[in-house]
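Presented below is the structure to which this report refers.
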Amino acid sequence: MTVTAAVVGASGYAGVELFRLLVGHPEVKLVGAYDIRNVGKRVSEVHPNLRGIVDLKIAEPDYVKIGKQTDVIFVATPHRVAMKFVPKLLKGKARIIDLSADYRFDDVKVYEQYYTKHESPGVKGVYGLPELYRAKIKRAHLVANPGCYPTAAILSVAPLVKRHLINIEHIVIDAKTGTSGAGAVPGELTHHPIIDANILAYAATTHRHAPEIDQELSKLAGRNVETHFTPHLIPIVRGILSTAHVFLRKPTGARGLLGLYRKFYAGEPFVRVLEELPQVNFVVGSNYCDIGFELDARSNRLVVVAAIDNLIKGASGQAIQDMNLMFGFDETRGLEAPALRP
Amino acid sequence: MTVTAAVVGASGYAGVELFRLLVGHPEVKLVGAYDIRNVGKRVSEVHPNLRGIVDLKIAEPDYVKIGKQTDVIFVATPHRVAMKFVPKLLKGKARIIDLSADYRFDDVKVYEQYYTKHESPGVKGVYGLPELYRAKIKRAHLVANPGCYPTAAILSVAPLVKRHLINIEHIVIDAKTGTSGAGAVPGELTHHPIIDANILAYAATTHRHAPEIDQELSKLAGRNVETHFTPHLIPIVRGILSTAHVFLRKPTGARGLLGLYRKFYAGEPFVRVLEELPQVNFVVGSNYCDIGFELDARSNRLVVVAAIDNLIKGASGQAIQDMNLMFGFDETRGLEAPALRP
Amino acid sequence: MTVTAAVVGASGYAGVELFRLLVGHPEVKLVGAYDIRNVGKRVSEVHPNLRGIVDLKIAEPDYVKIGKQTDVIFVATPHRVAMKFVPKLLKGKARIIDLSADYRFDDVKVYEQYYTKHESPGVKGVYGLPELYRAKIKRAHLVANPGCYPTAAILSVAPLVKRHLINIEHIVIDAKTGTSGAGAVPGELTHHPIIDANILAYAATTHRHAPEIDQELSKLAGRNVETHFTPHLIPIVRGILSTAHVFLRKPTGARGLLGLYRKFYAGEPFVRVLEELPQVNFVVGSNYCDIGFELDARSNRLVVVAAIDNLIKGASGQAIQDMNLMFGFDETRGLEAPALRP
Amino acid sequence: MTVTAAVVGASGYAGVELFRLLVGHPEVKLVGAYDIRNVGKRVSEVHPNLRGIVDLKIAEPDYVKIGKQTDVIFVATPHRVAMKFVPKLLKGKARIIDLSADYRFDDVKVYEQYYTKHESPGVKGVYGLPELYRAKIKRAHLVANPGCYPTAAILSVAPLVKRHLINIEHIVIDAKTGTSGAGAVPGELTHHPIIDANILAYAATTHRHAPEIDQELSKLAGRNVETHFTPHLIPIVRGILSTAHVFLRKPTGARGLLGLYRKFYAGEPFVRVLEELPQVNFVVGSNYCDIGFELDARSNRLVVVAAIDNLIKGASGQAIQDMNLMFGFDETRGLEAPALRP
């Protein structure tokens, strides 16, 4: 079976990454590239790495029409934009995977507090983290692909939270992202002379990925969890390293914790539980989330580190993993590439 | 048909890149990883990007034996080492692709001038640049995979040299490489605090890739060509940008030159002739060589720029392209991945 | 008045930085460069940025002799080495500033737990953080210059700890350093192909700067403080960003906290309290420590960020600040250079 | 004697660098910061590295007035802008150092070919390269500070051109610059995700610094010289490495060439002639131009490499060197800082 796929939001980094991965997916026929920018240009003019590979022309979308004609549509437009047209897409047969935040929140009030007034609050998506919601994703018509930071942060502490092993008042998540997370539009903070030899914290207590992390950990815990999330920008292009500092409720050995993680993620094709701390170097270019930890038995602090490629497991790769689930393909199809390092 | 493949020299960057590409090649079964370093470790311990992907154990090679048992052997050992054991490998059925310089020279004296005394001077390889030697590569038992700089430099000016369009006394090739070209062993010049904000020329008139470039351009020209080659080290990991400054023998229009390049490389799966100057950004992670030029009609100078990933088209990818030719596979098999950018 | 100064440990990064700063100090005459490596070479051969500027020859030290002849000696040798010869230096008139950890600990047992058996446990240094120990430093014969991470970490939370405003059970310090912190000797983790696009946590619960931070914060608090310290290596050359995640014991407004910091550091020439989060970009090349914070009033978490140049305020610049105090010079003498950005 | 100095063009990278250097210059009182952007802000708000150091407010300039009141005015506005107001500045007593290209050309037609119609073609500046025009600079009222590439390129080959030692038809200059050369305004090519792992040639045959190089080399040669200049952008912030590939007219030994360079630059405070190839690493942060070469005796090709900090010797440092000459200060005053490396 071959499914037809289209991308709305062809100009950005999530878009180019979707094209790059979809063109190598044996079960997919890429049939449309849509955007309101760069209309009439070829995908390969906007993204020259795809020269000779994806030469589709970018068109302005007729949402209802493409919703009717396409099997799966990836929405890679900015936050606040998807909600304007996803209901139109859903009128057709297309199953939708939205990479923005617009349908990630169970409670639309949380969305509205961090983003803007929601224009289609009645439409609900399934949170597209396969490790937590595999069964629901398979049946979903609308998948809300998780944010990059939440993917790493949630996976890093999910086993601990689910098993009530840690003090949920003091979950500190100190995350570091590469500059591709800021998107394709040049700005002050991603100007090379500014960031190349720099590091900075931003939105240190107010980042909009925090409520997304809290929503999912709260469901795992069965009670309200408020993590303490602080992101940093560092001078790498791809990759997130998410360092969780958590406190065990009672002394637990490293061996037991390793067993817990291995069991929790047993059979997961894209989570690798390591016996050492992960590095982004070994996941960039792949869909893997590597997780490792170090225990300070003296203070019962556990440092759990997760590494992902923010554009793959943190965005477009995870979207394709979701698509594989939705259409019954092997979950790893099109996502087999190992990390590209050095 | 599936061929069995082994890699001798499993610890270095050419080695890890071979594993990464071979494991995704549908016609190949990876059966051996050999080295004198790291014996007993798994490939994935040495190269953690391959965790769960290539978990073969590294063994010390019995050359005669593996030569008998394996269909194709990639030799990714340092220069001066391959020549010690390639004759043993060749006693078996295995077809050999050597990524070192040991069998690249038609005239062993040139090799000995730039490297060391040759220990198997009677063994001859086919120079593994498919764009020039496709037919010979198909039949070869021993392929000498080209150097990284020569791949970019030769491809950038081959059409001009072959057609006698340029002054062959003044071919200046000013090349720039990323640090992975220096290999996996830490050293002074690749120490991050030294190179991260630095650029330098090295072996400015004496680099051993110069005679390799000259050998191939001389054969194309039908007369002796001595290029002026100067390499630089820049703070990127992967990628070579090779800038050729050449002088046309008589005025020629840009359109005619573009036509010449397109014709010369017509049908080549991995050479993209651009109407603009290439960037390493758009080839890194892929087997492409992008070529573009700019003509200064006033002075008849032509600046021809070629960009490759030094570890793929400049090493392991090209080796697999050669293997595909040798075994009758589609030439692009296992090498379809587009560049990974941003 | 001019003082004569010598550096023991001329080959490393703290050494070159001492030379660079001392040569521009109007009250100092640089009279000696000592090391057991590179003996006989000029400083400018080992550190070519100093060509024509510091052409002193490196000699093997006769400790007793130089201790007698020199006014101030900077010890920039590795940990575990200084303690072997500092007692000899102290036999003379020289006042000593040791940049290693050997004399930083009040309790030699702590040193021995994290480093090695101490060979001169009876010798005591003054902890050379001027913001806490200015008066003692002025009179000291032996100053133990603080570690790079402790400088940033201690300064970032000292006002809070001193005033008992935060929960001292849950002080998480997540720090990030550039690669120059690893020193001048090439190694695996600072090999450019490995680290250039990478980030990693290391010694996540066991770093030997942790007890140094704890010692100083405990003295400020008047009770035992055990912080939770995790360092990371990022691909910049210079700079530390230290992010402290702390929990207020009772609700406090941002304005009050800003006032507290400003008062605590009033008159300090090298601490800048900002109304925004600092970036390493704006301190690298200078002796400044920039401090800023963000308050999450909802959860009473405070994120306090400090930025320093690890080789200046985190090492050699602070050593010269100490020297200025010891010899009665203007504290900022020789340290006036602003950060060099972009 | 103290001179009063002002900067017009306070917001850009040449501006911040002028402030940084002027504030440390013992003979200068910084009295004005002017721009049409950021009016009313403090310099240190725009350039946070200068917090507490240069807190002057940026004002809109009244050119006639400041020309009358200030001893020296540095013009750090973009090309095409300076020519609009420099004539007004010159009505007063102020001596002017213009860092733009507007007054660099002897022949206004050349300017107009590469830039735009000149609005004050009758005003003439002295080309501010001290190594060639020291005497004229001392007397100049208007100095046209050289471009960054021309500074490195001209100094690298001046001795050879002046002595007619090389073939002037085939002077290839392949230069590489850091991203600060592109200025403070974010753009596509300096967007971190695009350039961080990239290198590219741009304006490969048409860069507007080419005619500036040619003008100066022609005057040195006493006949028309047209060099072949190609710039590249590389992922470092500061620094230019300029590689000249030239062909000797007759065989000359390396020793003789070294002697020639040393004699030509004897007594020059900021040119260091090396016996090895220079690296930007050892000049960044300083006003030095390091020059070294390698001779290929076989082909009579000489590779001459020059390294500068593009913002210091290539812009603001050289401007201050010119000011020192104009006002009779020690030429190195305020420019003594060694390079900051690692």
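A, B, C and D are the chain letters, set down in written order, and residue numbers restart from 1 in every chain.
By definition in this document, a contact is a pair of C-beta atoms (placed from the backbone, for glycine too) under 8 Å apart; a residue touches a chain by one contact, two chains touch by 3 or more.
All values derive from a computational prediction rather than experimental measurement.
Peer 1: If you walk touching chains, what's the least steps from subunit B to subunit D?
Peer 2: The fewest touching-chain steps linking subunit B to subunit D number 1.
Peer 1: Under the touch criterion given at the top, what is the topological distance in steps from subunit B to subunit C?
Peer 2: The fewest steps needed to get from subunit B to subunit C is 1.
Peer 1: Could you please state the distance in Å, as a whole number, between where the Cα atoms of subunit C are centred and where those of subunit D are centred?
Peer 2: Distance between chain centres: 36 Å.
Peer 1: Could you grab the centroid distance between subunit A and subunit C? Build each centroid from C-alpha atoms only and quote it in angstrom.
Peer 2: Centre separation, subunit A to subunit C: 39 Å.
Peer 1: Just how far, in Å, is the C-alpha centre of subunit D from the one of subunit A?
Peer 2: Going by mean C-alpha positions, subunit A sits 46 Å from subunit D.
Peer 1: By residue number and range, which residues of subunit C touch two or more other chains?
Peer 2: In subunit C, the residues touching two or more other chains are 13, 178, 180, 184, 193, 195-197, 235-238, 279, 281, 341-342.
Peer 1: Considering only the defined contacts, which subunit B positions touch subunit D in the complex?
Peer 2: On the subunit B side, the touching residues are 170, 172, 174, 176, 178, 193-202, 204-206, 226, 228, 230, 232, 234-239, 241, 243, 245, 247, 277-281, 284, 294-296, 298-299, 301, 303, 305, 341-342.
Peer 1: Touching subunit C in the complex: which residues of subunit D?
Peer 2: Residues of subunit D touching subunit C: 13, 16, 20, 23-24, 47-54, 180, 184, 197, 237-238, 272, 274, 279, 281-283, 285-286, 290, 311, 336-342.
Peer 1: Contact residues on subunit C for subunit B in the complex?
Peer 2: 13, 178-180, 182, 184, 186-188, 190-193, 195-197, 235-237
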